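Input: a single structure, listed below in structure tokens.
Naming follows writing order (A, B, C and D), and every chain is counted from residue 1.
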Amino acid sequence: MSTATRHLRQIEVGWGDCDPAGIVFYPNFYRWFDACSHALLIARGLSHRELAERFGIIGCGLIDTGARFTAPARFDDVLEAESQIGKLTSRTFTVEHVFRRGDTQICSGHEVRGCFAADQNAPGGIKAIALPDELRAALQ
Amino acid sequence: MSTATRHLRQIEVGWGDCDPAGIVFYPNFYRWFDACSHALLIARGLSHRELAERFGIIGCGLIDTGARFTAPARFDDVLEAESQIGKLTSRTFTVEHVFRRGDTQICSGHEVRGCFAADQNAPGGIKAIALPDELRAALQ
Amino acid sequence: MSTATRHLRQIEVGWGDCDPAGIVFYPNFYRWFDACSHALLIARGLSHRELAERFGIIGCGLIDTGARFTAPARFDDVLEAESQIGKLTSRTFTVEHVFRRGDTQICSGHEVRGCFAADQNAPGGIKAIALPDELRAALQ
Amino acid sequence: MSTATRHLRQIEVGWGDCDPAGIVFYPNFYRWFDACSHALLIARGLSHRELAERFGIIGCGLIDTGARFTAPARFDDVLEAESQIGKLTSRTFTVEHVFRRGDTQICSGHEVRGCFAADQNAPGGIKAIALPDELRAALQ
């Protein structure tokens, strides 16, 4: 995958992001994954607002996520986040994330996302729909 | 697995746990997974304080986590969380979580955890150690 | 003020609610204030959904908040939160909160809230409106 | 107060920072206040680590905080945060924050902070101490 398709972002670890053991409370990594995915989409001209307006969806929601933690991060660390589109299917796209502090990998993870539209008849009021062609094209 | 080994917990979804799409912002599920795991350990007499004092560890940290989201949860939903110990190795234990709202499964997930001790020479200042026998016994 | 007008709620302090100093990261107290206010409104038959449907508002938003911290709270503490309606004006209501652990006061705080309706012409797309009479009555 | 004494910081509002009304869930403003205060201290050579090592304190904890919200902020807004030291007493210092989006003020707030040291005999295990002279000097 070419450099152009990767999205880089700096993450400053805050005091409140860390737990009594002094290391990042892990759900915050997922919060940062989400921010990276939004930034990646925005960088391709696909802000949440545009997705909603063009495709009538309520958002690119999560279907499956996961992360491996290889070294701890602490308050005041600056992490480099690298995100890119992985597997793309008719109904889902995967965003892959790697976080590093200098040469040390801190964690890696993925988010499988789909497009969700409001549907009063669906359980929970939303249903997954096929990815719009324009979105698929922007993600390739 | 017998009922006795499962840990149940109710989760009230707060206003601030939800995003502009009106559904739970997914990192919060991991926050709740963590709370469920701590509650499960405490129910077995293994609070963080006791783990630290008895075994000289700084905590049961995360190695790998993941979750699948099957239906959305919204503000004011009350979720039933069911957590149990899954795979147990010499160095790790897995906590498996399922969240439901009534009969509807909202998400399922796992946390692979290990014991970490302070070590000035290790990268990041902590290293994984083998699970203490007493902890292994309590988890079986 | 009579007992009936106070709303009580238990707060379990989670591992991830605490910072590297081992005490609650203070913005979480405001998160709990918000949860207490929503619970107080729901106890008076005024869930967010009902407020939105009956009065056409997008929510009871914040105008001013504050808190004093008198003793630290730590992981696994169970706090008793007591919330009640304070000052009521034509456009605002104040919710007052006190958190205690046993006999020890942990913090006290307030939230001045108003009703906000969508308004395309207002800066930010929302404007404060007078409290609906029915809401005022329910708060007295 | 001269420009040099103000600390500026950009805040990107994330998707997960906003609630179902589409605006920032207000406790996040306090999270950002805290980050601004830490950054201000670090800019004056007073990281948490240095404070702890030089003065034997566990941190600059909160005594009183407050905020006024004047206009809503939404996902993808970039806020400019301006923070400066306000009132300084023998035992406390106040950090004052103003957040703006372009010319629009979003919120203003304050944090009264003190120095806390571990004390097994104090309720909660910590006690407030007088500000070390070196800290007072750095804050002036």
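We take it that a contact is a pair of C-beta atoms (placed from the backbone, for glycine too) under 8 Å apart; a residue touches a chain by one contact, two chains touch by 3 or more.
All figures in this text were calculated on a predicted structure; none of them were measured in a lab.
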item: Chains touching both subunit C and subunit D; value: A, B
item: B-D against A-D, pair bridged by the larger set of C-beta contacts; value: A-D
item: Cα-centroid distance, subunit B relative to subunit D, in whole angstrom; value: 31
item: Between subunit B and subunit A, distance of the C-alpha-averaged centres to the nearest whole Å; value: 22
item: Distance from the mean Cα position of subunit D to that of subunit A, given in whole angstrom; value: 29
item: Per-residue multi-chain contacts in subunit C, two or more chains; value: 15-16, 19-22, 25, 27, 31, 34, 48, 74-75
item: Topology of the chain contact graph, where touching chains are joined (line, ring, star, complete, other); value: complete
item: Residue ranges of subunit A touching subunit C (in the complex, touch as defined); value: 15-16, 18-22, 25, 27, 74-75
item: Contacting residues of subunit B [partner subunit C, same complex]; value: 12, 14-16, 31, 34-35, 38, 42, 47-49, 75-76
item: Touching residues (chain side subunit D, partner subunit C) in the complex; value: 19-23, 25-28, 30-31, 34, 48, 58-59, 61-69, 71-74, 104, 116, 123-126
